Each structure stands twice: as C-alpha cells, then as structure tokens.
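All chains are identified by letter, namely A, B, C and D, in their written order; residue positions are counted from 1 within each chain.
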C-alpha cells in the first residue's frame, strides 16, 4: 500500500509535473523561435499554429502554466508566512482558479475571442 | 550558508514570470488591438522587458530541474554531469537570445 | 565482540546520561540501552523536578528536606536526603544552563508549581517547588542530557540489552549484552559499571511504567548475590487513567484539580485536612481505594474522578497540554469539560540496589561495597525516598545521584587496571539463551506474564495482608516452574524480541518474589506498604531497611538501621 | 469485543528474500490501541511478530509504523478511529527494514545530529538560571515536544527521494536551538542547515504536519527558518 495522498502532496506532484513540462516547453519554444528563419520558416510555423492539434496543445499548455502559476503563488504565500491552516483552502482556491483559467483560455483559443 | 540567494531568486523569478506571462499572453494572444489594460505590445517587445522575462524564465525552469536532480540522482558524478548539462543548455539559450 | 571502556553505563535514562556526562570527563564511556536513548521512560515523567528555588514564593532546602523525610514516612536515610535537597538548586541551574526549556515566570525565571507533600514551614501549607516544562519535564531533561552526551563523545550502544553483570569475587568486571539487531553477544569490559536501568513497574498489571520497565539489571544483580533493599515499598500513583494506567500528573492537582467520589464529595478533605488533594501519593492511593471499597466509587464502580474542569483553560493549554491530549486520545474526554476517571497505578519503586550517596553498591547491610559496581536512579535505593517518594523528587534523585555516581566512577577508574571478562561467562549466557530457544515446553510467555501481573496486582498492591501474601508466594513458586516450560516460535538471532521477553519475564518473576517476601516480613504499615493486619507504623521494631538476599533456601532478610540526623520520627499527618 | 483483521507486512531477514503479507484475525475492544493488537498477536498467535514498543502512550516514539497508508504511532492509534475492515500495517517507509515492523532508524538519528542539537552558549553562565521570558519560550514551545519517532521523515516525499536530505525533524531540531533565546550559535547552525540537502529540499508539502503524532506544525517552522536565512543573508549584504 502506498502512502496516503494528502492535499499537500497532491499539490506538490502537480507542481513538479507541470514544472518539468513547462521547462521542456520553454526549451523547445526558445529553440524553435530562434530558428524561425531557418529551415522551417516563419510561414510553416504560422501555418502550423492554425492546426487544431496545436491549438489543443496550446490549451493544455495554458492549463499546465495556470496550475504551476497558481500553486506557485500558494507556495510563495505559505513560505512567506501564511499559516498552515490555509494550506488546503489555498489549494482549493488555486484549483478553482485553474479551472476558470482553463475554461476561459480554452474558449478563447479554440473558439472566438472573449 | 549555501543556496539562500538561489532559492530566493527562484521565488523572485517566479513572481516576475507571473506578471511577465500575464503581459505576454494578454497582449499576444487575447487582445486584438495589441493593447490590454496597462500592457502594450510596445512594452512587451522592449529589449529590457524581453531580457528580464527571458532570464527569469530560463533561471526558474532550470533551477527547478537542478533541484529535482539534487533530489533524485544518488550518484555524485552523474549529478555533477546532469547539473553541468543543465547549466550549459540554459547558458546557451540565454546567450543565443540575448545576442540577437 | 569484546569492548574495553573505562566506564560502562547500563541504561540511558536521566541517571545514566547524567552520570555519562560526568564520567566522560575522566575517561571513555559506553552507554548501553535496550531501547534508543530518547525512548527511556524518564521521558514520560510529567509534572516536575523539585528544588527550593523560591522563584514563586519563599522556600528553603530545609523545608524540602523535612517534606521528603516525612513524605517517606521517616524511613529515608536523612544524610542522603539532605544531600539531595541541598544539591537541588545547583542541579536545576545546571540543567537550565544545559538547555532544558523550563517553563517561565513572567520575569523569565524558572516557573514552579505545587506538588503533593511539598510544603512551607514544615507542613503549614502547600508550596510551589516543582520546576516544570509544561507536563513534559522528563522529556525536556532527557533530550537536553542526551544531546549534550552526543556532543561529549559518549559512545552509545542503542538496542543492546544487558544479559549479565560479570563479577570476579567482589569486583565487577563489566557486563555482557546482546546486540538486539544481530543477536550477537558483546562483552563490555569496564573498570566501573553503573546500573541505571530504571524501574520495574511491569511486575504489576496496571502500571504507568513502560513495557520495557522490567527491572532486568535488578534481577541480574540479585542473582549475583547483590542484596535488594526495601523492595516492599512500591508506590501506587493515585491518578492513573482508568483501565490503562497511563499517568495523569500530580501537577494536575497542583494546578487546582481535585478528586471527587461517587457522592460528589471532595473526599481528600477527610483524609488530609491541611493539604487535601496534595497529600503524598501513598495516602491518596489508599484514600481512593478506601472510597471504592466502601462503595463510593463513581456509580459504585471501581474508579473516582479527577476533576480539572475548574482550572483555567489557558493554564490547561499552557501547563498540562500532554495530559489533555492523553484524555482526548485514549478516553475521548476533554478534561476541561468533563472529569477524568482515575485509579491508582503502579508507578515507582522506592526499593532497589542498595547504594551509598556516591552510587557505590553495597554488598550487605554493613555497607561493604562491591568494587567497581555503581547504581543510580530508580533501580537504586540510596534511600532518599524512604517508604514513599514525593512527587518531583524522582527526577531530582536521578540527576543528583547520577552525577555523584559519575564523579565517583571518574575517580575510581584511576585506581584500578583493565578488567578482562573470561570466556566462560560469555558461554554461560549463550547457554541460557540456547535453553530458551530450544525449550519444547507448552507455556506461552504472554499468558504466563499476564497471569503473573494480575496475581501481583490482586495480592500485593495498595493494601496487603498476610493471607494474600502467603498465597502469592506459594503461587509464585509455580510460576518459576512455568517459566522453564515456555517455548518460543522465533528461533532466529536478528531482533528476537520474543526471546528477550522471556528473559525479561524471568527477572520480573524473580523481583515479584522478592517484593512479596519483603512485604510479608514487614509487619507494620509505613508509607506505600500498607498492611491491613498491621495498620500502624511501628518505629520500635521496624524503623530499619530491609535487605533481601538470594540464598539456596530462598529469599532471606537482614536489616540496616535508618540514618536519622535531623528529624526524629513523628506522627505523619497532613 | 469485535473481530478485526490486521494485515501485516512481514520480513524475516534470516528466512525471507522479500517481504510477505500475513493476516491475523483478533478480538479487540473498541478502545484498544493498534499496539494492543500487535501485543495480542505476539502473545497468543505468533510470537515471532517483531515490532518496537515501550511507553505505550505516545511519549517514547518507539512504535511508529505505517497504518492504513499513514505513518503514525501504534500506541496512539485507537481502533475506533480506524475505518472498519482490514487494518493494513507496514514498517515505516523510507527506512531500511530490519525485521517485520522494525526499521533501521540509525540514519534518522544521525541526521538529527547534523543540526547540532545542543545548546551552545560560551558566555560565562550566571549564578542562577539564564532568564527567558514566556514570550521567548513561546517560540520554541512546539518544537521541544518532538519525540523523534520518525513519522515526519518517513512520510516526506523529499526524504523518500533524497537520501541525504536532513528531513523535517532535523530541521525542527535546528529551529528549536536557533530560536532559543539562550543559544549563541546562529551562524554555525545556519551553516548546518542552509545547504543543498538541507532547508531547500523542503517544498512545503505538509505531509509531516499531517502525520506528526505530537501535532507539531513542522512545515511552518521550516518556513520560518527559510525566511530567517534570507533575512540574515540580505542583512549581511547591506552591512557589507
């Protein structure tokens, strides 16, 4: 039997996984943007961006970034002195924020504009 | 005493990224006019903003990976190698972008 | 494996650690413990450590001296008591400087509270004498001493259980111990050996003592011909959590708690009109048992209530957090709202290995010493507590006499050469172990132990009489037979706790026999020893210490006069 | 009396190559402790069941095990507080198993020693006690209640991953002395904890707080140390 999964460790796993994904994305993003004038060319990139699969990927990216950001704010607040009794409520708040951001973001990216 | 400032910068970089990302996203993706609230496309594309934003992002990301490496890699040699690799990639990315 | 040390200390409670801190100044020190040093039952001491600091109200070591003599029903050796009470203030200051986080007064001095039997002006009214760290005083001191010892390069051998103390004629050579983790026997050669292995409350069914408090070293020493002093005196703490025996500190009454019977009366007013619920423990335990016997338990049942609902909640949180937690966890009771069901619980052995005030073990009633063997703490009987120990004097005893033993050993090791434990001593211990492992008997250790503890509880606890004690002694001889008939399932060598429990049970039964025999021969009531058939104290015939010896004919007794210097025996009224 | 099933992870180093599960059916009172269950099994069913125990009321810290996936003291876990059904018992995670429920706790104690757990004050001592106001003591009040049972470390994901991480209890120990108004070794202690395998491996996961049998708010104590380290570093900068 694995160790019981508490809110705090759940938040930590999200933070870890999203962090690694974002670092990976950041590296690729910077690499491709730098080589934009290279073999791929701006046009092909711009064309790629219209691909629904890429749009979907961007939505996921937004969700991951939102999760990392909001939970990051939670950790910063807690380490700055927010009392322990707030750690779970803060996580629920962050989770709510992630959901809201994801929905609005997805709507904006996949559909029209806000 | 080791790691105090690097740890602190991770938090500071995080906070910079939050505001930077907010500007980046709002201006680039959500606002058709290239202007939203206090952010403008001009601000977002100034070299200074870019440099700080980029440096923060690279620092935050790679320091995070560095920390994970410290925790999960038991072998001292492997850890050193991985850390050197992380450092090189981040330095390369940063210089390549700042040079432009 | 063989080790050589200047000083060997068996037990890592307060006495052992304090002695180690002292002995390490003069030579190498090994501390053996069958647990980990921080797991010692010293850490469970709650209420306080006594010293006439006078931080909260006027106090004097002389009053402390008097209270201790009177609390011990005049059986304590007054030279030892004087040493302890005079040294108390220095001891507390020393502990404070070592880092013990004592609770504080608003001015930042060490806070003190009332405790049973501690009075001002020779019995006039309760006095604040117990220095405390909330209700975790033992824990706070234990950690400070352990941490300092670690710092001082004392060699710790955790999870090493002593199996034998090796003697060569009248000289102690060291001890044999098993490394519990591997099952390997280690020989510890030492110029000086300190027994600081603590109490043996596990001879009784209901006890505040740890499961590890089995008095192993007393059993070993007794086997080796060392007498045991005053074993009939076993203190029952009046307020053990009903059914569990977990201690509720006297500090709870010191802070204003009171005992209530089934009729809602504060019955201690009848037994000790001056200091009521802060009377010495033996008196309160008897009072509770009397109330219950006469049908005034709560709802006619076998317990009374400790009511601390009147104590300010803030004080409860600050000064008694631990017991509040116990009550919530184990009884589902919030003591700030409901009274706590309590019953006397076997708590402290006044008797033990006889020593002088420097921890040297006596070989007989004349005070002849065993060379190189020392004892301190609950397992020893300097006789600072006489027939009944006052609350908060035990921690004081361990630290004061632990330090003195440490200093004495430090001096002694300069005067003798290295010792060398012979091979056959090791072989004998191995044979004993083999015998237990290979036994094909049909008894189970757990059952034998449970029956033994219940028997001791029924026949030899708060009240005693000749009929019960005689039956008890007869039945105990059958237990010695049953012990040999115990077989175990675990035949391995690594962490074989089943084997060690059988060995511990052997010591418990041996000690039970000594307790019963000692109780039977003392025909008077004094302190914790209450004989229904001899209800009066008899100074003419019994103002003397009992020395029990192991002989082929069974336990035999000799006597040693009580040292009376300052306070002549008087009526013990509160 | 009710029937309970204790499912215990067992390992005998002299017989087993890997741990195995064993189920024991025992009668227990509603108010019994899990430790009472162990003792019942050892006394009546299988004497070879091996576990540590001593005080049986949550002050010695011997009997920490994993109960239904949560690190805790067997003597402080009452049957009625455990969800009905099988009770799953394992040795503490993160420590090497010696036998059955006994783990090697030596490295854990070693890490506590890294934090220099003893009061350091080389100023000449006053004749009586060093004064300490109740407010000053308030700061260390929670931290002194630690019983070194190992529950915190054994449930910390950082501790699981990083074999060199000091762990929550060692950091708490450092806190206890750093915040003690009588201690004079702030610099050395800061050096002993502000290092890659020290303070910075705490990610405020709060598992230690969830399991601590003494209900110590360990994470917030560690967060205070982080803030103190930053403050000390920055003030060092401004002083030159």
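By definition in this document, a residue touches a chain if its C-beta (ideal position, glycine included) is under 8 Å from a C-beta of that chain, and two chains touch if they have at least 3 such contacts.
Because the structure is predicted, anything quoted here is derived from the model rather than measured.
Peer 1: Find the most central chain, measuring centrality by the gap between its CA centroid and the centroid of all protein CA atoms shown.
Peer 2: Per-chain C-alpha centroids compared to the overall one single out D.
Peer 1: Between A-B and A-D, which chain pair shares more contacting C-beta pairs?
Peer 2: A-D
Peer 1: In angstrom, rounded to a whole number, how far apart do the mean CA points of chain A and chain C lie?
Peer 2: 62
Peer 1: For chain A and chain B, what's the span in angstrom between their mean Cα positions?
Peer 2: Going by mean C-alpha positions, chain A sits 15 Å from chain B.
Peer 1: Counting only Cα atoms for the centres, state how far chain A is from chain D in Å.
Peer 2: Between these chains, centre-to-centre, one finds 35 Å.
Peer 1: Please report how many Å separate the Cα centroid of chain B from that of chain C, as a whole number.
Peer 2: Those two chain centres are 63 Å apart.
Peer 1: Among all residues of chain D, which ones touch two or more of the remaining chains?
Peer 2: Touching at least two other chains: 226.
Peer 1: Give me the residues of chain A that touch two or more other chains.
Peer 2: Within chain A, residues 79 contact more than one other chain.
Peer 1: Please list, in label order, each pair of chains that touches.
Peer 2: After working through each pair, the chains in contact turn out to be A-B, A-D, B-D, C-D.
Peer 1: Which residues of chain C touch chain D in the complex?
Peer 2: 35-36, 38-41, 43-44, 53, 92-93, 96-99, 101-110, 133-134, 136, 139-140, 143-144, 147-148, 150-151, 158, 181, 210-212, 243-244, 246, 322, 325-326, 329-330, 444-447, 449-450, 488-490, 492-498
Peer 1: Taking the touch rule as given, give the residues of chain A at its contact with chain B in the complex, in rising order.
Peer 2: Touching chain B: residues 16, 19-20, 22-23, 26-27, 30-31, 34, 65, 69, 72-73, 76, 79, 108-109, 113-114 of chain A.
Peer 1: Once bound in the complex, which stretches of chain D touch chain A?
Peer 2: My answer: residues 66, 68-71, 88, 90, 93, 155, 157, 203-207, 209-210, 217, 219-220, 223-224, 226-227.
Peer 1: If you look only at chain A, which of its residues touch chain D in the complex?
Peer 2: 1-4, 6-9, 11-12, 15, 75, 78-81, 83-84, 87
Peer 1: Could you list, by residue number, the parts of chain D that touch chain C in their complex?
Peer 2: So the residues of chain D touching chain C come out as 12-15, 31, 33, 39, 42-44, 46-48, 50-62, 76, 78, 98-100, 102, 105-106, 109, 113, 117-119, 121, 125, 127-134, 136-137, 140-141, 144-145, 147-148, 177, 180, 182-183, 215.
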